[in-house]
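Structure provided below as structure tokens; questions to follow.
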Amino acid sequence: MRILVANANTSEEVTATIVAEAERFAGAGTTIRGANGRFGARVVGTRTETVIAAHALVDLLAEEAADVDAVLVGMSFDAGLWAARELLDIPVLGMTEAALLTACTVAPRFGLAVIGGRNAQTTRELVASYGLTGRMAGLTVLDATPQDLLADREAFLRPLVEDVARLAEEDGAEAVVLVGAVMADIPRLVQERCTVPLIEGISAGIVMLEGLIRLGLPKAGTGSLAPFAGRPSIGLRPPLAERLAGVSRSGQTEGPA
Amino acid sequence: MRILVANANTSEEVTATIVAEAERFAGAGTTIRGANGRFGARVVGTRTETVIAAHALVDLLAEEAADVDAVLVGMSFDAGLWAARELLDIPVLGMTEAALLTACTVAPRFGLAVIGGRNAQTTRELVASYGLTGRMAGLTVLDATPQDLLADREAFLRPLVEDVARLAEEDGAEAVVLVGAVMADIPRLVQERCTVPLIEGISAGIVMLEGLIRLGLPKAGTGSLAPFAGRPSIGLRPPLAERLAGVSRSGQTEGPA
Amino acid sequence: MRILVANANTSEEVTATIVAEAERFAGAGTTIRGANGRFGARVVGTRTETVIAAHALVDLLAEEAADVDAVLVGMSFDAGLWAARELLDIPVLGMTEAALLTACTVAPRFGLAVIGGRNAQTTRELVASYGLTGRMAGLTVLDATPQDLLADREAFLRPLVEDVARLAEEDGAEAVVLVGAVMADIPRLVQERCTVPLIEGISAGIVMLEGLIRLGLPKAGTGSLAPFAGRPSIGLRPPLAERLAGVSRSGQTEGPA
Amino acid sequence: MRILVANANTSEEVTATIVAEAERFAGAGTTIRGANGRFGARVVGTRTETVIAAHALVDLLAEEAADVDAVLVGMSFDAGLWAARELLDIPVLGMTEAALLTACTVAPRFGLAVIGGRNAQTTRELVASYGLTGRMAGLTVLDATPQDLLADREAFLRPLVEDVARLAEEDGAEAVVLVGAVMADIPRLVQERCTVPLIEGISAGIVMLEGLIRLGLPKAGTGSLAPFAGRPSIGLRPPLAERLAGVSRSGQTEGPA
Amino acid sequence: MRILVANANTSEEVTATIVAEAERFAGAGTTIRGANGRFGARVVGTRTETVIAAHALVDLLAEEAADVDAVLVGMSFDAGLWAARELLDIPVLGMTEAALLTACTVAPRFGLAVIGGRNAQTTRELVASYGLTGRMAGLTVLDATPQDLLADREAFLRPLVEDVARLAEEDGAEAVVLVGAVMADIPRLVQERCTVPLIEGISAGIVMLEGLIRLGLPKAGTGSLAPFAGRPSIGLRPPLAERLAGVSRSGQTEGPA
Amino acid sequence: MRILVANANTSEEVTATIVAEAERFAGAGTTIRGANGRFGARVVGTRTETVIAAHALVDLLAEEAADVDAVLVGMSFDAGLWAARELLDIPVLGMTEAALLTACTVAPRFGLAVIGGRNAQTTRELVASYGLTGRMAGLTVLDATPQDLLADREAFLRPLVEDVARLAEEDGAEAVVLVGAVMADIPRLVQERCTVPLIEGISAGIVMLEGLIRLGLPKAGTGSLAPFAGRPSIGLRPPLAERLAGVSRSGQTEGPA
């Protein structure tokens, strides 16, 4: 199986970290390929950058997803996830989505830990968009930047462990989802200091995608994810424009009109 | 007052229609300016095109919003709305958002009429994202394309009138929101054939924005819409890249770090 | 445009304050008229007084609303709002409703500040009745009476500013609605000490009503707000009894049977 | 035990019917007293009349409730229910509330049958106000007036039986609540023609009130139902004005300030 | 009237306490009979024990419910409640369900007090299963075991009183439900130290059941609670196996096939 | 990997079918073992049988789960699922839960098809218990018994295909979950006749469990799923009694007190 980890951030360092974590959990015979957005923020951290990243995701998928079996959207806000599902006919998961669904299998209600205050609300919106607000026990904000995490890991981890404990004891969380690509290796580092399972989206997403590939569900032919073609556009990079138009690079029209 | 009607579609015809409708409802002393997305679909009708349009919206706002007092996002899915609110410090409304909030002032529960089956689900998601699902009585799909509407208006209007009646009688809708920029002038054409108020987003948005301009609420300094600067990026058109970086075109850094 | 600010409280002082605030935000060419309830509590502060006030509202509207273009219900619990919408065929807004809808346009989730502990629950019920509980981040109670506010404004304002900060920092509110007619001028006094927008209902309601007047939506002919007539009653003041009966003061029957 | 059936309608015929039904279900040793509103609609059927009725309810309770052990609000919209709970320190139930809570004990989800199209939405709002929307399977509207019901009972009952069947078969209702005081004796007439239990509020309310009287729960001293006194008012009938002021008819002040 | 208090715990001491409390609130002419589960935990306190208890409940009802008029499930999680309603054609209430419905009649929103941290989540799930989450103001956990309660009542009561006060003041609870059979006599002991009503399920259930018996609602013939028969099984105690098969002990087949 | 498919039904035929389907989707190196409940209904189809099945599940797991890596609860109502998660420290999934979570990854909203009218409501309750009601577009009931399905497959499949089409076209379902162990092989038979993906729980559960095994999340040490021991009981089969007591068969006490 070939899984593309599509990181709509444009910094290759984060992608490298994600790919390494993905490979750690990938099954025998699964190959992981990473890809970055061609444009947009170095590290997405605002709403504006998130909408750019969603475009960057479909742009890179139009170019890179042809020869893979599944896609993991490797960005905490799962930007562009449903558009990617519309665009492609292979399984696609968002990393936070995967973590949330996995949390549902081990905990009646889960907590969330996010980095940076401006992400608290957008994460709540993401959970709500999945219809999972009722499963959410609480949310804690780590007052740090992704850079802090990379700089002094132990200074970052200590308050995280305390926050996890508080989510469990006060809010009744029975698992905690760590939100954000930079958190990918954190569970391995601090799980043993926590009384509830820690879940992050890269590992959760990879193993769930391998299952979905084997399940082989067909793409819906009707509804909001149905195939499309013949969509004129301007100003887009050629692979995406061609994909919208339903014209393959060899010049043939694809899909339904 | 100067209001920018930002249409993330790239077809100028639709923008011209919207602007005309906006001008019809604008108060004395209000000037309306229209602007199109620089890239993306001619007429947005898929999830993929919607995420492109959200990027196109912030891209065009970075270039065009400097000298206006408010922005109306003139596209049915309000793509990029909250990003625009983060990016700017003037009032911004989505056209469907404005129609929904207006509907809340005249009806305990409202219906929605959307064009094209694949938009039913995305419209439901939009209503849910505003937390207004509880106010929604029902949704009807007009089996047509925006092109049909432009081609033979009466053939389009007859089933619409029937759908409105059904939403009122069977679902208990006490107003009906017509979703989509191409619907802007429909209320004027068929209101008298319907027993409940028809609401569309351009007129609703313009008069609400004029009020918000007068209200003069400040931009939040904290939370998910707080100002930002110093955000490095690649591959974006200069006005947006500069806006993310917080560097004005004259070379000065703006806003908080 | 003529807007009636209908204050179902029976104290003229509060009405005078509200009218002054309304005039401050009214557009050129808009005239504001205030009117008090003919019976009921001096200052409504209990559930019992609120139901009396709702009757007092429709009673005064039957007498006073004939020659205006819109009505703002100038009382924090918006008592009688939907009855007023049924009774009249012009736009009607509740002051707290207007503030909540306005908050929806600037904040994904808002906080509320109410005066007096017994109002916390009734305010929650009001927000729920509008279907907006999902947009509510938190609620804070100012342990004061409206009289305290009038007596020593600064002693009142200091804890309010702290509460607003706590709603923003701990609960994630990105705007705060100040609930209550006596709060009408507070935003002007303390906005600059707060990091998120403060919204109150008189200013929000006036500018929104001016827009609704221009929008000119028709009254629904079916459903729970449809016109009525021929309703016999006893013991009501004549204008309301006549309005229920559908008999105009000149003796003619009005409206549908 | 003495139970007051407080009918905020002003027609004595309906009250007589309700009282008769209440007496049929009252336990040995329970006496039922009926009382009408002193002002308002003959038969409440609009939102405007409902807010008048809520005032009429507290007005009549201030005069009539002194020597009873419990109150049943005998009007379909339970108008003024929570105000009555604030005003009194004895158990108070709304007739529709009682029917809904009873339905919860026999059916996972219930249906509702209401008379007259304009009551559909107000009934939905009532169910929502009790937080019971999730237990509601569907709602059917009987296209009739209360007068029709009184005129030709069998012509009324046949479509009702069909509607109940449809609620059970299509919507999954496992009980059906008949909404409205005029429905009080319907369950006895048609239960045997229906496959699911029919519940109406007078019988449900009387037996539940007898239980609540025996339970003897104290009145809350804090919150939105707490006792109050010292509330100045104008224009109210003396018993209610005195009750608000906390002055007993003998001239003494009662309750907390 | 004969009411069976069915305690799916297997310890007779708790049953004796419950029965005593039930008798205290039973009306004249009502006889209470207690019965224990034949198998399962001494005192149910885990999810595993709860599912065993649900089976124990239907097992004991198959044996013991033939000659009673109603059943009160005397166990805090109301385990097996809906199955019991399917199995029998007499009124059945869960003790916590009864307490919650009673709380709905005296408080807009209620708090809950549970014993032991692992019961917090299961109690939340129970409230949600009744569709009453929207009426819940908060939940407090008493860090104790049922044994502690029995050992030193005053040491148990003091923190309970504080928790009730906190639920009222901070969370806005206007009544508090004490969850658990061992709490049955607590309201009598500490009500006077609390400002809001305390409600427990045995007393609430008994008086409500007496009302339901008088109401005499029929069993639904369709839906998820409909009668059944002819169900083959293995390994069950004879009364339950016979009940599933629809074969009475005298050898006759009962009910529909 | 070794996965136990625990079918709380007591008929071995259904288990054999489930195991066959599970093996079809199991990865290389995964072995599937089936096990039946030791007591209870042949084929669970009522609420009463479901609570018996939940006990049968934990009973059989106490005996059979010691040497496997994960458990799939192979029964449509996922009876006893959370108890199993409490009891064991390996991944456990319910078959319907797995299907629902999988549906969430391919469709914004899904439909459900259930066999037999009395299962409609219990399935709704199951979906609600997972907090997924908001993702549910509709539910259709196949008027058949599991026996019908086994007897004449084509007569069963034709209406199913029509129901799926209706769920997609009218209700907006973009995937359909087939509920019930007997449906395990249906997707393979009719997927090509349907425009949206069909999902059933055995295949979905097996591939998801393989992923969860690899993920290796630890068991929570606190909350409602925490380990327990020292729980006295009576009348249970020895493996379960010993497991509750925390005494291994060799006589040693295990786990926390």
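General remarks:
To keep things simple, chains are lettered A, B, C, D, E and F as they appear, and every chain counts its residues starting from 1.
Everything below uses one rule, namely that contacts are C-beta pairs under 8 Å (C-beta built on N, C-alpha and C of every residue); 3 or more make two chains touch, one makes a residue touch a chain.
On a predicted model such as this, the values are computed, not experimentally measured, just so you know.
Hopping across touching chains, the smallest step count from subunit C to subunit E is 1. Just to note, of A-E and A-B, the chains joined by more C-beta pairs in contact are A-B. Once the centre of each chain is set as its mean CA position, subunit B and subunit F turn out to be 44 Å apart.
Once the centre of each chain is set as its mean CA position, subunit C and subunit F turn out to be 52 Å apart.
For subunit B, the set of residues touching two or more other chains reads 82, 85, 108, 120-121, 125, 128, 134, 172, 174, 222-225.
Contact residues on subunit A toward subunit E in their complex (touch as defined above): 108-109, 134, 172, 174. Listed in rising order, the residues of subunit A touching subunit C in the complex are 120-121, 124-125, 128. Here subunit F touches subunit A in the complex through residues 25, 27, 82, 85, 91, 93, 97, 101-102, 104-108, 130-135, 168-169, 172-175, 191, 195-197, 199, 203-204, 207-208, 210-212, 214-215, 217-225, going by the rule given at the top. Here subunit B touches subunit A in the complex through residues 10, 38-42, 45-52, 54-55, 57-58, 79-80, 82-83, 85-87, 117-122, 125, 128-129, 222-226, 228, 231-236, 240, 244, going by the rule given at the top.
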